[in-house]
Amino acid sequence: MTAVGTGRFGAVLNRIEKETAELRERGCPADYIPGLAGADIRRFGMAVAEPDGTVYGVGDWRTPFSTQSITKVFALALALSLEGEQIWRNLGREPSGNPFNSLVQLEYENGVPRNPFINAGALVVTDRLQSLTGDAAGQVRDLLRAESGNPAIDFVPEIAASEAAHGDRNAALAHFMASYGTIANPVPGLLAAYFRQCSIEASCADLALGASFLARRGVREDGSALLTPSQAKQVNAVMLTCGTYDAAGEFAYRVGLPGKSGVGGGIIAVVPGVCTLCVWSPGLDRRGNSVAGVSALDRFTTLTGLSVF
Amino acid sequence: MTAVGTGRFGAVLNRIEKETAELRERGCPADYIPGLAGADIRRFGMAVAEPDGTVYGVGDWRTPFSTQSITKVFALALALSLEGEQIWRNLGREPSGNPFNSLVQLEYENGVPRNPFINAGALVVTDRLQSLTGDAAGQVRDLLRAESGNPAIDFVPEIAASEAAHGDRNAALAHFMASYGTIANPVPGLLAAYFRQCSIEASCADLALGASFLARRGVREDGSALLTPSQAKQVNAVMLTCGTYDAAGEFAYRVGLPGKSGVGGGIIAVVPGVCTLCVWSPGLDRRGNSVAGVSALDRFTTLTGLSVF
Amino acid sequence: MTAVGTGRFGAVLNRIEKETAELRERGCPADYIPGLAGADIRRFGMAVAEPDGTVYGVGDWRTPFSTQSITKVFALALALSLEGEQIWRNLGREPSGNPFNSLVQLEYENGVPRNPFINAGALVVTDRLQSLTGDAAGQVRDLLRAESGNPAIDFVPEIAASEAAHGDRNAALAHFMASYGTIANPVPGLLAAYFRQCSIEASCADLALGASFLARRGVREDGSALLTPSQAKQVNAVMLTCGTYDAAGEFAYRVGLPGKSGVGGGIIAVVPGVCTLCVWSPGLDRRGNSVAGVSALDRFTTLTGLSVF
Amino acid sequence: MTAVGTGRFGAVLNRIEKETAELRERGCPADYIPGLAGADIRRFGMAVAEPDGTVYGVGDWRTPFSTQSITKVFALALALSLEGEQIWRNLGREPSGNPFNSLVQLEYENGVPRNPFINAGALVVTDRLQSLTGDAAGQVRDLLRAESGNPAIDFVPEIAASEAAHGDRNAALAHFMASYGTIANPVPGLLAAYFRQCSIEASCADLALGASFLARRGVREDGSALLTPSQAKQVNAVMLTCGTYDAAGEFAYRVGLPGKSGVGGGIIAVVPGVCTLCVWSPGLDRRGNSVAGVSALDRFTTLTGLSVF
């Protein structure tokens, strides 16, 4: 059951909205696909979901945006819940130190991606989920719908098509891994599933609620367990060390929370046991993370004293 | 004031000592310098220091061992306390994804080391500390002495000499950074300071107490502040993302605590607000971390439910 | 007009055939596609074509084999003849120092392949030839037919299909370059043309005659100019520095002639003004060059005193 | 016996001097050591030495300049003459595809330099020569003196000192190789020998005569053999594939001769059996080769039709 209200951190959110105002003129929207390039960098929303299902926010917190790489967290959680440690057969969990779509490291490491949050690793996760369920993207969407209580969450075919049309680098990654036997599904179908997964639109409210199981030691909105407590901690650990591309160290240093960003400008973050956060603002820094979003989370941990460290 | 006793985690430590017994036949001691190569891999000690100064442990917890890279944490804390954010001018804080003594990344990134815990980055920290204090190694030793209350902590000249005699790779790193202007002190003197710092011997008890300021939001044993709360959190963040060479992601996944290892077989770890831990066993895995040590910390967080995630 | 006979180097060829006998039990046939994996490594042929069109040989010199990368020389010559220096817009001519199908260098150099004889560079050449003629593979086949006087030279559809079925790494290279805009044709069609080109079967006699224009300063069998004298020298230069994958330096050191190898076990070589050579034996060394073939050419230059140095 | 005159290529040299006039305002002198940074880029000299010992030239062909990396050819020839193929134990002969002072490749290839003309490889050669003779730099100087008939050729201590003062990158390379056991002499002494060798000053006339043994199949000015004909060809092969840093492919393509450049602005080139050339002009392109020098050699092969291809 989802409740909307103004909870424990309402005042903090209002303050953050004001303090990040001038940052919302910095950065650029993702330009590699037309569907994202037109985003207005002055948009800003931030939501907090508490473990009891209360959710509240400021600004555009109920406006759907393109979730992109944030979906990688949900795909990983589903794959972990379905096959446990087996998911790590062809997948590392070390920070990459390279941009999210680099092929260099993949070659030096014989086709095994460094972690599940760089594109190559996310393709491995989607490949497994596709093999296990037959519909990886649908599973991710359905998990988000169930946890947020919002049945309107869905794919955006135009975005998926736009990603496919500009998806040569992901195609290169997928074919490269296929040459090593790292992925099992035929490349075209896998890419289609991956681009559909990335095209999901959801709001800050949806995503904060959607990720609540990570603040609740793996427990879903309905009280069932998606992950064991140990697995929930592990997903948080991977988010902290690998969740923000090659800026993960910086994000841990400044924000100090497990987080995962997407090139649509969204970032989710987890305060284990306390709450989940989602912030959105489309202006990205050169590493692909939302300028105002990182700053808002930085302010949140500074003002509340909450961080994992 | 340091008190020795059997505190909150005494039973857990006893259990861990038993459960890791068979692991203490695995791994190999560091072989790159003669001074370390002869270590007995069956040795094992583990200590917990609580924020009030209570310290207790099991096994060889009071036996001095070669601290090696663990000293990098104390050098970083001292440099941060002396010049704050300035320390990051020529130093990153991203995980490296490469072995601790790699030159490759250094070249691709124009002589700026990825983080303060790979050797290149530690040389930058020691270089700054040397410039700021005139005696980097002495400062690290004195901090450890003061925090642990153990004035016997000291350098081991034979170890420092052995490292110097086998120090071509560190010399290469230092000269390479000098060619970029990343370091300021003459290379021979800098290397001497660095090898002396690494040669410090201390016990699990000493190091758990020595690192207590990281569990106390920067506050030293005498109540004064070495670091601001924010800086203490930042050091913990860098430990979590970069503290165990190219196994940091794995360590976060399994243990879930900020930690820093050394090739002498020691590892320190921090549970913010709760305690600091130090474990020692000389058998190393292929990434240079203590086999029994990592496992002991893994057991600790599993048995106590304590982790940052 | 092609004449078969026993010319100037007949005795040398006979001697080489004997002296390389024991080498024809070394190496392995290419194993990455089934169509090549079954080749008999004891097969051996060698042919010499003199500038007047005389051709002669020893062993299996008239047996067709899979030309593979040897076709890259003919594709480059055609592209050069059609658009001259323009071909170098998105293509380097430096040795790569990496295996023929590496993606690493391609990424560091922003999608511009190092030279026309690594796979990425060959794809760029085929892409241009496809744009300029509409049938890159057909042009290469027709050039070989005309120069050798053998109208039976043709594609082998089973080999092309086998390469396509195992072509993930080439697909990765092509998509990766497409992401940089280095290639213009749609990836699937380009790959089909490239695999067809590589599937051409021809004999040592065919290829020695086919490459004769490189020993004749660019002049074709019919007296017309395919290349200017300067361009013919340039193709020879690229063959010498880049023609044998990451063993080009070794080949220059031992053989001292411009040469180009293929994973079918063939190698062509040019003695400017004197003759062209083609040798074939399917056993490959770990760098993908024919063991007996390299040795036969080494013997040839040692026995005749002919080399460019 | 050395004769000065106007031989077979006198008219060609005069024409080249005129045609490259405007290029002598391009490029920059080497700036990494003060001793070279002040060179006047308008200086230009070019000499031809014929196998009979006749030497002639244009412009500043008798002006001494800093030979730098050109000395690597003479060191390699001496090492080859002393221990033959043994020199290749810890040394490759493949083009590097990377700048002359890169550490990256060295690390990927376990401390074995790619070829004798990158700095790391030249250090290996000097290390061997030092072990074999006790005075590597003196041997190189004496060879140049003997072949050129010029006893005034000598080291320039100020240049050697300047290189040592700015030699951190070479020190890094040497220490790095020492860590792999690739070099045998203590690093400081080896570096001193290497910098002394590089500091030799000689003129175009001296160097064209000095390298004549490479056009004479290994035969020295006095009729004795420095190298076997096979070894002389091998040195020429390595010069062609590796002699001009990461522009070797371009140099082969444009000039088509074995050549070796130095950051002093000199280049030597060999037309086997015909002559040796040396050109000097201090303005360098971004890869460290003389702008006017490369162009002069390009004109020479175009005007004379001489090239190895």
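All chains are identified by letter, namely A, B, C and D, in their written order; residue positions are counted from 1 within each chain.
In this text, a residue touches a chain if its C-beta (ideal position, glycine included) is under 8 Å from a C-beta of that chain, and two chains touch if they have at least 3 such contacts.
As the structure is a computational prediction, the values presented were derived from the model and not from experiment.
Undergrad: Strictly by the touch rule at the top, which chains does chain B share as contacts with chain D?
TA: Under the touch definition, chain B and chain D have no mutual neighbours whatsoever.
Undergrad: If you take the chains that touch chain A and keep only those that also touch chain B, what is left?
TA: Where chain A and chain B might share a partner, there is none at all.
Undergrad: Rotating chain C so that its CA atoms sit on those of chain D: what angle is that, to a multiple of 5 degrees?
TA: 180
Undergrad: Report back the single chain whose CA centre is most distant from the CA centre of chain A.
TA: Centroid comparison gives D as the farthest chain from chain A.
Undergrad: How far is the middle of chain C from the middle of chain D, if each middle is the mean of its Cα atoms, in Å?
TA: The mean C-alpha positions of chain C and chain D differ by 32 Å.
Undergrad: CA centre of chain B versus CA centre of chain C: separation in Å?
TA: Each chain's C-alpha centroid was found; their separation is 56 Å.
Undergrad: Just how far, in Å, is the C-alpha centre of chain C from the one of chain A?
TA: Using C-alpha averages as centres, the distance is 48 Å.
Undergrad: What parts of chain D, by residue number, touch at least two of the other chains?
TA: none
Undergrad: For this entry, which pairs of chains touch?
TA: Chain-chain contacts present: A-B, A-C, B-D, C-D.
Undergrad: With touch defined as at the start, can you tell me which chain D residues reach chain C in the complex?
TA: Residues 92-98, 105, 114-115, 230, 232-234, 236-238, 240-242, 246-250, 252-253, 256, 258, 272, 302, 307-309 of chain D touch chain C in their complex.
Undergrad: Quick one: which bits of chain A touch chain C in the complex? Just the residue numbers, please.
TA: Residue list for chain A touching chain C: 102-104, 106-108, 168-169, 171-176, 178-179, 187.
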